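This report concerns only the one structure given below.
To keep things simple, chains are lettered A, B, C and D as they appear, and every chain counts its residues starting from 1.
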Amino acid sequence: MDFLQDPLKIAADWLLGIFTGWGMPEIAAQVLIGFLGVLILLSALMVLDIFLVWVERKVVSRFQDRIGPNRVGPFGLIQPLADIIKLLIKEDTTPEGADRVVYNIAPLLSMMSVLILWAIVPLAPTMLGVDLNVGALYLIAAGAIGTLSIIMAGWASNNKYALIGAFRQVAVMVSFEIPMLTVLLIPTIFAGSMGMSAITQNQDIWYVWITPLGALIFLIAAIAELGRAPFDMGEAESELVSGYNIEYSGMKFGMFYAGELLHAFTFGGFWAILFFGGYRFFGLEQVSAFLAVAVVVFKAMIGYWIIMWIKYTLLRIRIDHMLAFNWKFLTPLAFVLLMVTALLNALLADAASWFYISIMFLSNVLLGWISLEVARVYSRRQREKVEGPKVVEVAHH
Amino acid sequence: MRAGGFVATEILIWLIPLPPALAFFLIVLFTNKNKTLSHTIAVGAALLSWLGSMIVFVRALSIEHLGEHPFESSINWLPTGDTWFRIGVLVDPLTAVTLFFVAWTVLMIFIYSVGYHNFGQPEGDHDHKGLPPHGATVEDHGHKHAHAVPSVEPMYSRFFAFIGLFAFGMYVLVVSDNLLTLFVGWEIMGLCSYLLIGFWYAKESARDAAVKAFLTTRVGDVFMLLGIVYLYSVTGTLSFREIFAEDVLHTLATVPSSFLGFSAAGLIGLLLFMGTIGKSAQFPLHVWLPDAMEGPTPVSAMIHAATMVSAGVYAVIRMFPLISLDEKTMAIVAFIGAFTALFAATIAVAQNDIKRVLAYSTISQLGYMIAALGIGAYVAAAFHLITHAFFKALLFLGSGSVIHGMEHGVLHTGNHHVDPQNMFNMGGLRNKMPITFWTFLIGGFALSGFPLVTAGFWSKDEILADAFGHGHWWVFGTLAIAAFLTAFYTMRQITLTFLGEPRTKEAEHAQETPWTMTLPLVVLSVFAIGFGWFGIPEHFPALGGLFPNWIHDFVGGTLTEHPEAVEFNWIPLLTSLVVALGGLFFGWAIYRNVQTPAEDKLQIPILKNKYYFDEAYDFLFVKPAYWLAETFIYKWMDKRVIDGFLHIFDPLTNGLGAFIRNYFDLPVINRFFGDGSADVTYWFGGKLRVVQTGRIQQYLMFALVVFIVVGAALYFFVFAV
Amino acid sequence: MVPLSWYLILAAALFSVGLFGALSRRNAVAILLGIELMLNAVNINLAAFWRYGNVTNMAGQVFAIIVFAVAAAEVAVGLALVISVYRQRNTVIADDIDMMKF
Amino acid sequence: MTAEQIIFLLVAFFTLGSGFMVVTTRNLIHAALWLIATLFGVAVIFALLDAGFLAVVQVVVYIGAIAILFIFAVMLTRKDMRDQGPQMNRNWWFGALISVLTFGGLYFLLQGWNGLSKTAADIPSGFDAVGELGNALVSPNAYVLPFEVASVLLVAALVGAVYVAFNWK
């Protein structure tokens, strides 16, 4: 086995040889190696996270026509490290009347809910934590832990703003889980498996071409899950000061913040895996596992960038509008899309692939157009109910 | 599974009937307020079915020996004890060609209906639901005066929903692989024809016609259902392919029935044929079909040409292997067919209503097919079925176009007493409505069997040749006379309607109809001419062999034994040439100068009144039924006997009741049991109600205590012992 | 290997704990919490019998899924009732909601 | 004692302990959080039983939805965030007695059953439990009817819950 192809296995075998050479029982050695692997992955992610802080700040400054961090290090690259030092040495306050244990567990859970997602991310054909056969559900399950952390933070802070922020954020997350889970079933249908690696390997054609609407719904639901603008209900700094994390200071706040950034990046990665072929890029992944990792990170970066783009461009939506948008538009649309996709997939089982792809694509476009039309007509009716029928100015002559 | 293209043919066949049914539900449930959407959905559905049918047809063509290896697919449907009743779809050559003509005619009729109901015109002044559109007054700003235009049908969406359901029934009937689903489609069409004939339900005549059609066809259907049940009880299956297996047919032919010495096959065939008598309007159940002209014209085309009556003939062709097992049944079939052909043709010559002529002509032509079946020429019958569907649909749609043109005239003059359907009010329309005229002429010539160029000639000629070749002299003679009459009344119709000079002001102001109506006419007239070339006999002088006799080769492959082509003979050919040309000539020559009904020599009362069949049925069935219900059952049985009997019981039961009440009910039941048990219950309730604390957890605890105690007791004293 | 009995005893214990909660807590929401524990105990049993019986027969897992559905339905309706009662009577103490008595 | 047994015992004690906390904690929010801990324990038990799908669904449905609902309900049904008065009703000792009796009865019954000490056979290689489960849920020969009934139940519960909890103005 070539090192370039499967570095993990070779490294693991090498370590196993060393450990057993020390007289360690084989099973213990394997557990230790597993822990080491997890440690390396998590450390890499944390480092990436630090880098993401810089990316985020740079990008937002470009969007706002500023320069961004540029003092510490070249291009301000060291700035995040300075931030971390600041966060670490800040006073660690706990509000009066707070539920101490819960208050302290919440940021840990928040970070954890993101990190455990990486267990199922296929970085390369041979680099994969667990090839879970219920990967798509696992994605949602990890999100559930994130939800939990937010409500714990909001409640334990003993602060009205925090509680309201947590309530709103949780309502949004619980609601948008449904369209997300529904569209997750679409790649599942195509790949015949919920496993992330099976989904990646089946993407001879990127699924975004077969189900562009599904990719779009997933993106919207993912942004809502993240609680980023335009769905930043939990924070809503102009209304709630800072939302559920208002009472947190120092590194505890830092964990929420880093968790959110990494979460955004992770969802960019899942978007890439589910709809944009993951590590696959014209056979590049066959050359070397490192190239494959580079490809998937690159695609995740693009997804992350799009999420940032949306965040810094759009305005916040009112909470009731957002929930109505989910329950009355996105969820039904996702259900219809799932049914249409499943039906077409069964009907076109024997079809030529070009025909299959074009019909799938067209059906998605058609469905999107129809739903937009329905929404348009509905909203016009609503408006007319409030404002009365629109008076059209007639030109006199 | 033989897959071809992107959807397997078998799945496609399952899907063919669905769009019209879907259209029906969509229109009824959702879009009935929106006329554009309704007709778009209906026509779109017809188009989808048409597309599916064409794909299936083309794929069927590419398969050799389709008759032995048809497309078929079936699923378990009803559990019947140990086995399943399976339903499914089947496309063999007969189905394929039937699908072909059904899909074309249905699509054309759907498109035509859009134009026929004048979509896009304003709501009429006095239009209301259940009546034909009355016409609307429009202010013409250019000429500063108001004028009348045809108005839109008030129940536009409803119409498209119904014909959608109708098309669904027909497709189900055609693709089904067993008698049961065939019967289901058959009955759906029965229902739809009732709904559509009575579409203008505010007209009493339409209501009566709907009821008449429904009841008359029901008589045939009951016998057909009996036949199906009998067949199932003998063979244990209703699937065509299983029934037509060698040994099953042999069993059917040899098992005797207890009826007049028929074999089981003969009796079943006869019963099934009775269904066809009703559905295809054969003597003596033909009476409903002319009255069915009360419906809108596209319905007439749908029922009397493309689908419903064809379904009857289709069913007989479908069951031909079974029916042909018994000589006697075949003789009856041949007799009924030939008799109907002649009998209806004689009535047709005396009718003045443009649609009624066509209605009797349909009965007559169906008689032709039935007669052909009776003498065993099922390929010829199928051929004539197809060509007839095309040119009769064409004729009906053309007549609708004529009526529409005349209605334009009526609206123009404002004289609503002029009947736009009476041929004596027409004349000279060839200049006003040229497309309608030429297409109608093509259809009429095809119906008459105009030699060599029209499809009708080839199919009719084949029937005559078959009858002659197999020595059925009297059938041959009858059909030849009927053919002469057919040509005669067709030419009479064309002459009165289109030739000569306009006889009324209304006819002068008639105008051509919109493209949605004329386009189907043109398309159908192409088939009315062209389809005959697929069935030219091989030994025909000069033309024979130019084209392969495709119909014979393809449809003939439906049965396992391939039918022999009859030897060519000059006598039937000359006969059909003479009767067709002669009939056309006499029709033209006699009616060239006829201006009013009084000048028409053929307005004989007995023909005018259709041999008094309606009156006879009224006397034989309707009056006795009324008498039985009113006089016998109500006045005599009910009033006298039963009531009288009951009046004797009255004092007796009263006395008994009073006795029981006073001496048993009041003292024993009420005082003792009633009040006593109530007291006891009250007392117990008062004692026990303290248990009910309203606290749910206490209830749960009580329940669990009882559960544990009883469970332990059971365990130790019952199971452990 | 873990014998089947361990799972069953764990399930029985969890069930009893849940039963205690359902019988003894005053707060209606807490009663529902106890019922959730009981349902989970049932699910452990179902999954254990699936694993220790014939693995190809999915009955155990299927009914565990159905228990999930029932639990979700129960919580939805139960909590809705609790909230409704709270709106009407301003209490969620089960013993105080005792109008349905003689 | 093998590693698997140790893991099982740890998880079992964690589960039971947090379950006990659920029914005894005074603070209801804490009770709900302990419930989440219990549910996690049960999810791990599922994972130990090779029922990965159940484990994940347990997390999604119970923790992601049901437990959150509980926390919401607790917050919505409190006049203030303090816990006043006793959390047990007057008959709590009787409830405890019944619970102990139930456990004792179940334990007693299990003792008499001969399949109790059974150990699990290996899962045949290539056996796709999730796929099989999916097939079983929609196959007419298996459990499509219970499955559909469950979905009807869910719809009914949904409608009922919305109706009951709706704030009729």
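The rule is short, and it goes like this: a contact is a pair of C-beta atoms (placed from the backbone, for glycine too) under 8 Å apart; a residue touches a chain by one contact, two chains touch by 3 or more.
If you're wondering where the values come from, they're calculated on a predicted model, not measured in any experiment.
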| item | value |
| --- | --- |
| Of all other chains, the one whose Cα centre sits farthest from subunit C | B |
| Most heavily contacting chain pair (counted by C-beta pairs in contact) | C-D |
| Subunit B-subunit C separation of Cα centroids, rounded to whole Å | 60 |
| Intercentroid distance (Cα basis), subunit C paired with subunit A, Å | 33 |
| Multi-partner residues of subunit C (each touching 2 or more other chains) | 19, 23-24, 94-95 |
| Junction residues of subunit B, two or more chains touched | 695, 697, 701, 704 |
| Residues of subunit B touching subunit C in the complex | 689-690, 692-697, 700-701, 704 |
| Complex interface listing, subunit C residues touching subunit B | 19, 22-24, 31, 94-95, 97-102 |
| Residues of subunit D touching subunit C in the complex | 2, 4-5, 8, 12, 15-16, 19-20, 22-23, 28, 31-32, 35, 38-39, 42, 45-46, 48-51, 53-54, 57-58, 61-62, 65-66, 69-70, 72-74, 76-77, 79, 85-92, 94-96, 98-100, 102-103, 106-107, 110, 115-121, 123-124, 127, 129, 132-133, 135-137, 142-143, 146-147, 150-151, 153-154, 156-158, 160-162, 164-165, 167 |
| Residues of subunit A defined as touching subunit D within the complex | 27, 99, 102, 132-134, 137-138, 140-141, 143-145, 147-148, 151-152, 155, 158, 163, 167, 170, 174, 177, 181, 194 |
| Contacting residues of subunit D [partner subunit B, same complex] | 89, 91, 94-95, 98, 101-102, 105, 109 |
